[in-house]
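Below are two complexes that have chain A in common, paired first with chain B and then with chain C.
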Partner chain A sequence: MQFLSFQYLCFLAVTAIGYRVCPLRWRSYLLLGTSYLFYCTWSPRMAVVLLLATALCYFTALRLQALRGRSAASALARAGVSALILFLAFFKLRPLLSSSSNLLIPLGVSYYTFRLISYLVDVYWGKYNAVQEFVPFAAYVAFFPQLLAGPIQRESSFLPQLNRQGAESRVLEGLLRMALGFAKKSIVADNLGLFVGWSYGHLHSGSALPSIVALYLFPLQLYADFSGLTDIAIGSGLVLGTEAPENFDAPFSATSITEFWRRWHMTLTSWLRDYVFMPVRTLTRDWGKIGLALSLTVNMLLIALWHGFTLGFVVYGLFQSLFLVAEALTVSQRSKYRLAHPMSEKVANLVGPIFVYHVIAVGSVFFRAPSLVSAGQLFANLGDGLSRLGSDLEALVSPPNHHAWIALPAYALIAAVDVHRRRNGFRLPDLAPRYLRWSVYGSVTAMWILIALTLLGSEKGADPFVYAMF
Partner chain B sequence: MENVIAERLTQTFRSTFGKSDIQLSRGTTAADIKEWDSLMHINLIVAVEREFRVRFTTLEVMSLSNVGDLADTIARKINKE
Partner chain C sequence: MRCFKDISIAAGAVLLVLSLFELGLRATGAKYESSFYESDPVLYMALRPEAEGWEVKEGENFIKINSLGMRDKEHSVAPTPGATRIALLGDSMIAGEQVPLDKTMARVLEALLQNRVGSATHSYEVLNFAVGGYTLSQELLTLQTKVWDFHPDIVLLFLSPSSVPSCDRRVYPAAIPFFVMRDGRLVADPGNHPPAASSAEARRWHALFGNLMNRVRLLQLIRKATQDGIPQEAAKLRGTKRSRNENILDMWLQPPASPAQENAWEVANGILGLMAQDARSHGTEFWLSAIGPEIEDNPSKLDRTKFLRAHGIENFDYAENRLRAIAAAHGIKFISLEGPLTEYAERNHISIRGFFNTRPNYGHWNETGNAAAAMIVADSLLQSRTEPKLSDPSIQSKVGHLQDGPEYAAPRPNTNSLQSVNY
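Presenting the complex of A and B:
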């Protein structure tokens, strides 16, 4: 079952009604049942794999808690985390080691494995106690809105919500958030994808235009695609009555690469900070700047390799870590310079986002390009000039791309709505008059009827989400 | 927090973060000090280790939730020696 489908909307609506009418103590059973039903529409066999991994971690955590303070706890934690890493690596590496193209990879395997690892580690570190009941824990691991591509929510922020009343007030917010996600994906990302796809197909044309389009538009496509997917996931949770952590915080407004990675895929980067960077940095704290550079590079390489074990992703990770290391090693010098030259702060705020966008755009070529040769071709073509600009542009916007330009004004509009959402949320003011309240309800209902009819009548459906494959 | 540990800890925080107005309580966390990010956290741990002449294990560092935990771990290590 796809997020962008009429079936998903019906499934979510029925689950949300069930969630509200069933007693509090049955909620986790309902979520567990519906999440596994959702999973079984992809692969019942892989649902069994998910259940086994969940059960293994549940019992390991209980044992870890019983052993806390003893040396056996350390051995058990290492064994548990190693088993999960091997489990994830097996599914991630299998396509590389096998020639078969029909290999099944468990849906959302990265996301639920990360949830399980952090849970085990938190129990071992003594930050949280092990969950005593299996059903709420299994419902947390398999929670269907977050199964496909996160956000990676920690168990400590999810489980208490299952016993909370007052979920009704978030439905409007959730529906608006989901609509924003649908718009990002189907109007912006898929249309930008047409331009980017055309550009990668025309890198041999002897003109710089395909390279320029691919270089500058792919980061926007990726952002609209992934943040749209996150909006649908967070919105679905709100419709049910659960809150999830944010995954993006206006990443292209960042003034440094370090800040960018604090604003992009935030639940993954904070997960890696807590469970990879901090332990590695603690172990290497006596190694001075080399320890810092090593910790940052390991962290960034893992972020890159998580997307796939290819040479392109290795270059992607190393390229980003160059900037992260340079920024980390010059923190105090830059801070002193800013204090001595107050104007430099204003200049950095203006120039920083432009610099960051260019670095991210160059790095993203290694993310999107099918091979390093293709990436090299893209950069080499930038020097080809724009002598045939008129005919190139004509080719770029010819069918099936002739309506794709709508993505650019739509992106500007959606970005403005997103700024409003971050500042004020999608909530109606408490004292909003009744006529305003009902006109909003009416508009949102009409909008959703339209979206549902569009999805029902869509033969092709939307393109798959880029991040759903990780 | 024991007074002596609290006092030395406050001084260490002030010199690490370069802010003379830092006031600590047992419940103080990274969220309360703007400069206290993941990079500065390790600088702080190294500074605390130097100040109190102790050595934390990775598990001890990762288990810390707030300043109270840090003070308790320091006290435990000093008393052991």
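Presenting the complex of A and C:
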């Protein structure tokens, strides 16, 4: 079942109604049942794999808590985490080791494995106690809105929400958030994807235009696609009455690469900070700046390799870490310079986002290009010039791309709505006058009926989410 | 009073959302099938005069139906003095809703003939009576009820794979007029039920709503979602797929496998005989041609061979040979279309069907296919008049915009078409 489908809307609506009428103590059972039903529409076999991994972690955590303070706990924690890493690596490496093209990789395997690892580590570190009841824990691991591509929510922030009353007030916010996600995906990401796809198909045309288009538009496509997916996940959660952490915070307004990675895929980067960077940094703290550089590089390489075990992703990770290390090693010098030259701060705020966008755009070539040769071809073509600009542009906007230009103004509009959402939220004031409440409820209902009709009337459906494959 | 005011404001807000959605659909280029048809007491369905809207299933094309209910330019009913009038009958392949009007087979054919015989005193006029979805019985009824008013000199009927199966209700269950053979004579099937909404009043309302719908994307979306989307979702839930009428392809490729299929051929024979007789009585030449399934003119010989092997047959010729025999028996001239079209597609490595939003060589003729078909038909017409062929070098200068080198009949592949079909 795809997020962008009529079936999903019906599924979510039925689940939300069930969730509302369900007594508090049964809610986790309902969520567990619906989440596994959601998973089974994709693969019942992989749902069993998910259940086994969940059960293993549940019992391991209980045992860890019982052994807390004893040396056996450390061994058990290491064994549990290693098993999960091997489990994830097995499914990630499987396509490389097998020639079969019909390999089944568990949907959202990265996301639920990350949740399980952090849970085990937190219980081992004594940050939280092990969950005593299996059903709420399993419902947390398999929670269907977050199963596909996160956000990676910690169990400590999720489980208490299952027993909370008054979640109804977030339905409107959830519906609006989901609508924003639908718009990002179907209007911006899919249309930009047409341009980017065309560009990668015309890298041998002897013109710089395809390279320029691919270079500059892919980061926007990726952001609209992934943040759209996150909006739908968070919105679905809100409709059900659960709140999830944010995953993006206007990443392209960042003035440095370090800041960009604090704003991009925030739940993954914070997860890696807590469970990879910090432990590695602790191990290498005596190595000075080399230790810091190593920690950052390892962290960034893991983020890159999580996407896939390819040379392209290795280069992607190393390229990003180069800038992260450079920024980390020059923090004090830059601070001193800024103090001495107050104007430089303003210039940095102005030029920073442009610089960051270019670095991200160059790095993203290794993310998107099918091979390093293609990536090289793209950069080489930048020197080909724009002598055939008119005919190239004509080809770029010929069918099926002839309406794709709408993605750019739509992106600006949606970005403005997103800024408003971050500042003010989508919540209706509690004391809003009746005409306003009725207008908002009527409009949102009409909007969702129209979205459902659009999904029903769509011939080909939406393109798959880029991040759903990780 | 206050409640009324609140409701009015809320209704205004909903209306605003609907308007914004309409704008959004237009801005994002979302287009849905338009309504071009109306009920007809004789033909069961006909093109609605002056209807206009988009065809988007294959390609993306704005269509305007003329004031006479034809997918064609405007024509006068009375013949033009000194003009040879050619009436085309057929289904969606000939209606050519997927391509701009001037790229349809009818328009290209007229331009080709005009170029050939272009003179101040004698011209060619091609009238396109083809309607998407029409079957052989509807083509007979069109001939009888519409075509003769225009006094054509030549009537050209194009059959497609569904033409023969649609002659028997059991083989082709659809709400269309059927004929049956009674004592060797063709008579209307007593089981026919003309559509209920074919009164003038009902058609007026239908036209009003249809024209409104063709202008409002939201209404088109609602129609699309309810007519296609909901049945598809229901089929998914039931775990079934939309059924395809396997009879259509089977009957094109192989001899009839059932009494119903054999009856369909007999009725088709009867209809063609009646049309030929009708044409003779009007002093009009009657020509027949056949358009095969998409695999038949696939440019890849390998794909065609694979298909034939999978179906256990040697060639695609069964239906065409049988139709040719029927034509000969009734004194109908026959134009062999598929062979030259396949040859053209293979020689030029080009799909003559398929659009940017379909797979290559899928469905209807694209611009290249329409042009190639027009060239072949024009050649056949001219050949029968012992006039030089279009492939004759002396004529090629006159039809230069469609020629493809010194060899016969290859319309120059249009760049746009090439891009679209290769997409």
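Here is the rule we use: the second predicted complex is superposed on the first by the 470 of 470 C-alpha atoms of A that agree within 3 Å, B and C clash if a C-alpha of one lies under 4 Å from a C-alpha of the other, contacts with A are read in each partner's own complex, and residues count from 1 in each chain.
As a convention for this text, a residue touches a chain if its C-beta (ideal position, glycine included) is under 8 Å from a C-beta of that chain, and two chains touch if they have at least 3 such contacts.
All of these numbers come straight from a predicted model, not from anything done at the bench.
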| item | value |
| --- | --- |
| Which superposed partner A:119 touches (first chain B, second chain C, both, neither) | neither |
| Which of chain B and chain C A:457 touches, first, second, both or neither | second |
| Partner, of chain C and chain B, that touches more residues belonging to chain A | C |
| Touched partner set for A:328, first chain B, second chain C, both or neither | first |
| Which superposed partner A:278 touches (first chain B, second chain C, both, neither) | first |
| Which of chain B and chain C A:446 touches, first, second, both or neither | second |
| Chain B versus chain C as contact partner of A:292, first or second or both or neither | first |
| Residue ranges of chain C touching chain A (in the complex, touch as defined) | 5-7, 9-14, 16-18, 21, 24, 27-30, 32, 57, 59-60, 218, 221-222, 224-226, 228-230, 233, 236, 356-357, 416, 419-420, 423 |
| Chain A-facing residues of chain B, complex | 38-39, 41-42, 45-46, 56, 58-59, 61-63, 65 |
| Contacting residues of chain A [partner chain C, same complex] | 6-7, 187, 191, 395, 398-400, 402-403, 406, 410, 434-435, 438-443, 445-447, 450, 452-459 |
| Residue ranges of chain A in contact with chain B within the complex | 74, 124-127, 273, 277-279, 281-283, 285, 292, 328, 331 |
